[in-house]
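Here chain A shows up in two complexes: once beside chain B, once beside chain C.
For the complex of A and B:
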């Protein structure tokens, strides 16, 4: 009983900090939606140019069973592509960091490949893997995911403080031990920056690759394209809201994993550069 | 320094003169100025739009005092959006799409119903045993997106199959080639008589080393199923056509366009050459097949080319409403016949055959790869 007054202010304090952290962003969101609704009504903007948030909400409700199914399927395609692309990227970064000449030989091509507009591959991947096969969508997401993860991870693996390497060699540690104890831990914050960028790219890749065809019941992208062409913009926006929500959710999930994995890292311990 | 200034002035003067010459309005043979208008095609350059290219090539537009720009379409172009956005005065699309746009609040008006017979079919390999839409329950059925799926959806619904329920039928959005069908990734696919059907027939059957034959396919014509809806038409923005000067432009545009279609009916080879000169993606053999099939969707026409038959309009409007293309009944304002009828009358007065009562289809052989 006597502890309660001690705990309570602590909770309050934490809740207060949450409000301080998230309050401004939430206020912008609510203010933005209210302003959108108000402006569209006040300026009498045509329904087919920009629908009101309330219209989008009712389109969301009317198409909910489709949007939920297609949204989850699309999300699954994005996650599949993320896992494939991320795994290949990590393996590539490790090999390039371990065998430097290989890195010097291959990196320019990796950079050049990144400059190719990857969405342009969608029709080709559809032909390779089959239009209805989710692998064709995952492949696009994977290719989009690959570069940011690989390049960030590689940077983390190689930008190690020289004194750490010297210390390891003074212990007569081998390459494997140096990787395990210095390079890989050092690369993790970089890796997670890459993964966070990649999570959003994976969702974009999955949605946009659907524009090129597939099963209608599983495609958010097709729904957006189809409804926009028929001037049913509220429905198109509803699907965009679903895709964005899933994308943000994916990003936040990676952030949570990052927090738990990098608990030891200064950036995560609330140590602030003040 | 002074010399430099003079030189600069001279360059500016020359550039200005060239610019003025380029920017000068074209003039009609009668001496009047040409009205510049743009037409947005529904699809890429091909014989489907032969009449427009012929009217341009034969000078029919110019004779009517028009300077016409033809914008080819493509998978990511919605003609209704181009017209509603003011980037073109005239657009080509199918009637259900125009009705759907109107239902969504986009004010468009059909001023000429050029095609009076639907060319859309759903095809299946004979060995799949799919002979009708009834047989498509539980199958993978290919459709096109963005408004072109509705005749198929209507046909499925008519057989009690809900196209929006994946447990009843798997609807696949097919790209604009027939690979999906040729690879048998779908059990049935949408095909226009004048385009995709020929693309299949132009492909070699790996089992026989010969081209695929019509006898390998079940071709289910939507017109025979009863859910065929009206296809290529000319539409304009409702605001634009409210202006009397624009009504005059529209009438002249239709007159010249109809004359272009008459040319393509009566001068098959000449019209084909015009289409080929405009650089279609697919080859001569394919365009020859296409022009022949297209002509058959237009001719003969008892009312005169382009004049909407109210009964046909009502059939498409009813199908569109019954099968959920539109939420509210289509109003009669969706089309007007006065401009097309006036254009037809003028052509008749000039002795042009606007009905094609004696029209006979050509005999066109499929060529490998449509070459």
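For the complex of A and C:
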């Protein structure tokens, strides 16, 4: 049997390419779940160590209405923290890049602050903003989001080819024009890699800060903690699956925005003229 | 380098020097006591060994680097004012195109800075694309073009607002020999069409002789003008120009001057070493 190259016309071609792009990853996912199920069954692994995927799936179905509500609420807290942290980070990066002495004075502290285990502040933030106030969770997410976004954006704003700046000054361009036309566009690819890391961190921040208390009906984190304490591991896993799915979805959403904003970027297309 | 009695010199340097402050030490003198006049419409090349400060000198003319001594006049006014008035266009060794802009919008960048409206910009961009023979590539992004095409976009951008002066810092230095010679020819055509003055930095002797009306020979650091060679090859220059005996004579003359400059410099360096040993 000989393999013929398959020519897909138009939309079919695009679908074919999508299968080629995503096929291997999907196969790994399915294979992984099947192997998980098989191994847990074959090795007779205790339920409290690792439940079977089928058990997790049925726990997911049984708790669906709660998990959906709490999941969306948690997601909202993560997104809120992401927006607040991201906005402050972008504003900070812009100021540090614009006023270099400010950067030299503040950057060491920003870096030192990043070394602080931020999750450790969750009980304190709960106290500051109120246990059942979503702002306490958003604050943790926001602090986690701040550093990767700020540092990436700052690098993008400052790692501009010196000739690019000379070119702008040959046009007698002021700082504002140089930022608008050179530094900010140059920083966008950096910003998006920061935002992608931050989207995942925001979800982690929201879920983990819920471990320290919150409203029972709206907390994936509390649900995981409680069910694990009651040895209902399949249910805890079901909540983890929901949190992970939302985290991945958040990441993919940022990737989609990146793709439309950075359509000009060499990594987004291939072909060269000549 | 005849001084026109009516029109002011395009570039006039008097006793220009530039010293870069070094770390803790003496610093480096890039160029020293440079006197130079470039008449309107001339094509002047600055040539010298690497590190002779020719790029620095170009930046001093463009007011991108402040001289530590001497005076710089561009179009009869101080260099700073000339930059404010956008009197010159500049082309670097790298094309310095913005990846996030299409070819058309890269060319239009200075026009945006000058506040031209969209329609006027679009018209001029088309003219410039024709001038550098890139019509049809306006929607491409820089990274989709070859190095030679990118540099042509860069030239189109520099000329888009019809500056009286074009500063070029080794613009073809990163290109292969064949592309370079083709672009040399194109540059001469563009220079004649636009009537602008060009100050061109290069370390290629044949390029300098082929393109220029005058070649300014500089010595190694600290850069000084050690010779001025008038290039009397007839215009317009063609591929055959490079094969004329006069072309080779001029290449030889520039090379001799460079060698003398280099030898003088080597001597100066030996003297410095002796002084240091005596300490």
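The working rule: the second predicted complex is superposed on the first by the 261 of 274 C-alpha atoms of A that agree within 3 Å, B and C clash if a C-alpha of one lies under 4 Å from a C-alpha of the other, contacts with A are read in each partner's own complex, and residues count from 1 in each chain.
Methods note: a contact is a pair of C-beta atoms (placed from the backbone, for glycine too) under 8 Å apart; a residue touches a chain by one contact, two chains touch by 3 or more.
Remember, it's a predicted structure, so these values are computed and weren't measured experimentally.
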Mind checking chain B and chain C on superposed chain A, clash or fit? fit
Go through the superposed model and pick first if A:46 touches only chain B, second if only chain C, both, or neither. first
Could you look at A:132 and tell me whether it touches chain B, chain C, both or neither (first, second, both, neither)? first
Kindly classify A:225 by the partners it touches after superposition: chain B alone (first), chain C alone (second), both, or neither? first
Partner chain in contact with A:86 - chain B first, chain C second, else both or neither: neither
With the two complexes superposed on chain A, say which partner A:172 touches: chain B (first), chain C (second), both, or neither. second
Answer with first, second, both or neither: which of chain B and chain C does A:266 touch in the superposed model? second
According to the stated criteria, A:214 is in contact with first (chain B), second (chain C), both, or neither; which is it? first
Shortest Cα gap between chain B and chain C in the overlay, whole Å, is 49
Interface residues, chain A side, partner chain B - complex: 46-48, 66, 123, 126-127, 130-132, 212-219, 222, 225-226, 228-233
Could you list, by residue number, the parts of chain A that touch chain C in their complex? 161, 163-164, 166-167, 169-173, 177, 181-182, 185-186, 188, 264-266, 269, 271-274
Help me check something: in the complex, which residues belonging to chain B touch chain A? 78, 80-81, 84, 97, 100-101, 104-106, 140, 143, 145-147, 149, 164, 166, 170-175, 179-180, 183, 185-186
Chain A-touching residues of chain C, taken from the complex the two chains share: 59, 62, 64, 83-86, 88-90, 92, 94, 96, 98-102, 109-110, 112-113, 137, 140-141, 143-146, 149
